[in-house]
């Protein structure tokens, strides 16, 4: 959802990335290289990021992980949580989503051992980063025509994952964004899902005029 | 969708109501009474309205009706068409929706006998006014907490339809709006449906903070 | 689903409530106060209740919890299990539903260490008590026009949770029941969901005549 | 839906069949033979039937057909209309369903030229008789274990359509009923669909105990 | 579905295109130009085509149109009919689909005035060519990586429709095909929909190995 | 999915069954009897089988189970994993599916402690063996008219589970297969589900000609 991250940041929203793990090991990476690459990517996106420090490839949905993330939510006090779509082939993604869903609730509890002041993120919205070849049914899309290049550039920061790129991942990401662009009549768009009904205070940001 | 009509008008959008028929006969009405009541209702909503003049209770989806509406679309040149949800128990509603869907396309044709300059409404959005007791699955809702009373007042202008009101219609309308309010964390809301994916240019009008 | 609980009890069905936890801690409650309030609510509903004793806020879907509930199922031998809808924001609700789904199966096993005689609840039905603002798609609704006041009264027994009430929860519960009433042509109704297809032996209890 | 017809008739409901056309021509039938066969089938089902007289293979959804059926609805005054599922390969089935949906509304109009006193069937329910090989998603099923043989016998009354039978239609009908029986834990069942939410006044006719 | 047309023709299937209208008038075309362009496009696709001759922009779903197409089906005797997806913004597309669905049934009738020997196309499959920005939910996709260029070339034969192309239609078509390619792990794919359940005699043509 | 197993094996595919547990205890079985019966069933199906050795009735979705299965996947290197449909009443089925989904991903990891060479099964497909009376919505069906008897015979190998059979399980299995046969116009068929869009390289194995 890199295009939306850049867009929201430009529109004045505070956006903070949380890496649930350090992303390593991978075939050709190392914790140091990955840290450098992800810092660079955050810079491209124009936002800050924090590593929560769960164990890559072994993320488990348990109370400890929930409370660890809840404590971080109390620090940054977000209104909206963006988390991976719940149906995925990557075990860590699935676990992360379950942790985040529960941590959102845990963060508002009083009389708990979780550090910090109670805080309740108002909404949880899912972005599509799945390792499954799902046909996404988005609740809404965000027009990212103006920020597609930053999105692509942030992905290409991960030079240690070069083989993945060569196998067509970059092209696939662009194709998916172009397709959802065709669905809302813009050049590029990113799809989002919400279990909850979407409420609007007006239609001024609805994409109406087509290309 | 009276609450949304008032809201959009207040936010500076031009809203124009089209009555496909004059609404008569009904058990206790007459064309004159109905015209007076609907003019009053439009005043309450703060918008203008036009009667297209199809035959009430016998609206048929045909080329003549399509072209008649297409000509009107060329006069008012709307960006968005709001039409009744396609699944309904009222034959006129179902026919009107089919006419409007096609007229939207007809209106943009060059080399046609339809009067006026070609015009293409960019989007078609369905509001829920069905005579079926469907469980609506809205694409999005509009917060109408500030305009619910105008919505109710516009309905109550139809004094000749009093028996309908006494049978609980007014209460039902309010219950439905209150329910969709609970779904987006406002007091009242109106549900809308779109076949097309909804695109947003930002999230500034997304209802986030709950009651 | 308080309205349905009262209704089923009045129609001669044996209804037994199981509190998976004692519900505490909460901001202004205590185990003693909560026990008193929930006993009072059960009295209003006209049924008995048991506390299973899992740890509030930390309910975990594991073998121990499953077997603990399975043992209780063997005592009360229900035909139908009513459990919370599986998609929810409250971690305990989600875990409770998973525990109940599995305990239902565990309860019928022979050659197991679970105390009591094997018993298999025939159906599992989900009620909607979610902390998510889902647009429910019920499999069926139960008319609770005659028991709505008992439902509301049972909620108001929880005086220690007063702030929650003041923030509009009571009103929201009534709005949701009124909405589903409009969907089945009664004053109030409660929605239910079933993964399994619903089978009927006749249509004598189908709500047909509208208001 | 023959099994349900027999069952409802046995339970004391008044059931009336309306043949929209006389069903002819077919490859090996004639109007006289068909009339005899369908009278025999009605006798097997234990109900009466009327032929509306639209033109077989050329049924069209228009005002005339709607009003013709509306007049008949005013004679028999049904609470529930059972009509074919709207998605079908047979053009007459599709047209009949549209006619019935609209006639249901037309029948309640005052100040109309339709003969008889206004009457409004309260619900419309769809049965599955499609010529498409759809995977039905029923709203509910009716247990027809006790009436499956009458259902099969009524089909076999249509001896002039023998080739159809020989091609496996009878076997297919039984397979579909057996499958939906497995879905509600009975030997045989018939599936039904409703656009509207189903409301129940209790669960006494819910199939609970499995085979 | 040009990519699939080329592919099926190459694999030895007989593919015949039916233009329901001559496609004119359009802003910059004429019947002669359009005929030349569509002949050229058919040549690129490697198949033959017939013009049925309904009136462009005024296609109506009626018995005459159904029987006209049914007669043509009796000439070419196809096993599968590919028709436009039923939900569309183009009135002619919607009408054509309804005509084709019914003509498929009409074509098999004996004792009818339709010319030719009875014939029943076994399946009807919908391709996505909608003027609505739907998020397609395909029943299956066909890999067209090897025929994408023929597909694009056939579209570019319509030089008289150049403005449409310049407005991005060609690019949109490629983006949609690239997206569905990402969904089945090939470079390009075309989506198809079937009301009926898809049956397979094996999995040898299932795309398994990803890019 | 026994019919499909036999069919795929006959068509030259290598099929390997993995029993996640030894299936015991059951009311009238023993590990030895079960091993004998399942070996016999595999012989009837014409394939080999391996017991992974998780604990029956207590299968838990955890890292250890995932890695255990991942190691086995590296031995057999399947292209497709067939696993139980994720919504089920049997706790072991639900856990097995979650283990398999994750093990599929784990199996491809480099730099891991999982024995064997990295391997990535390309697709995961769900078969329907649920203890819930779901109305399956298959992504596709496989025609098993030629292998239904082997399917039934393999089930009947489990003589120690005789009471289950007597209660109608065998008949239910046949009814479900007959129903899905009616859906694809063959005598018998087995339904399958895929989260991912199905891609085809042609339509030669599509069931087209009906019975």
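Which chain is which? They are A, B, C, D, E and F, in the order written, and residues in each are numbered from 1.
Definition applied: a residue touches a chain if its C-beta (ideal position, glycine included) is under 8 Å from a C-beta of that chain, and two chains touch if they have at least 3 such contacts.
Every value quoted in this text rests on a predicted model; they were computed, and no experiment measured them.
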| item | value |
| --- | --- |
| Length of the shortest touching-chain route, chain B through to chain F | 2 |
| Fitting chain A to chain F on CA atoms, where both chains share a sequence, rotation angle to nearest 5 degrees | 120 |
| Type of chain C:chain D copy interface by residue overlap (half), same or different | same |
| Identity of the chain that, by mean CA position, is farthest from chain C | E |
| Maximum centroid distance from chain B, chain identifier (CA atoms) | F |
| Whole-Å gap between the CA centroids of chain E and chain F | 37 |
| Centre-of-Cα separation between chain D and chain A, whole angstrom | 51 |
| Where chain F touches two or more other chains at once, by residue number | 133-135, 138, 183-185, 196-197 |
| Each pair of chains that touches, named by its two labels | A-B, A-C, A-E, A-F, B-C, B-D, B-E, C-D, C-F, D-E, D-F, E-F |
| Touch list for chain A against partner chain E, complex | 133-138, 167-168, 172, 175-176, 178-179, 181-185, 211 |
| Footprint of chain C on chain D - complex, ascending | 7-8, 11, 13, 79-80, 122-123, 138-143, 180, 183-186, 189, 191, 196-210 |
| Complex contacts: residues of chain D adjacent to chain E | 25-27, 57-58, 60, 87, 89-91, 94, 131-135 |
| Chain A-facing residues of chain F, complex | 62-63, 66, 101-102, 104-106, 109-112, 124, 195-197 |
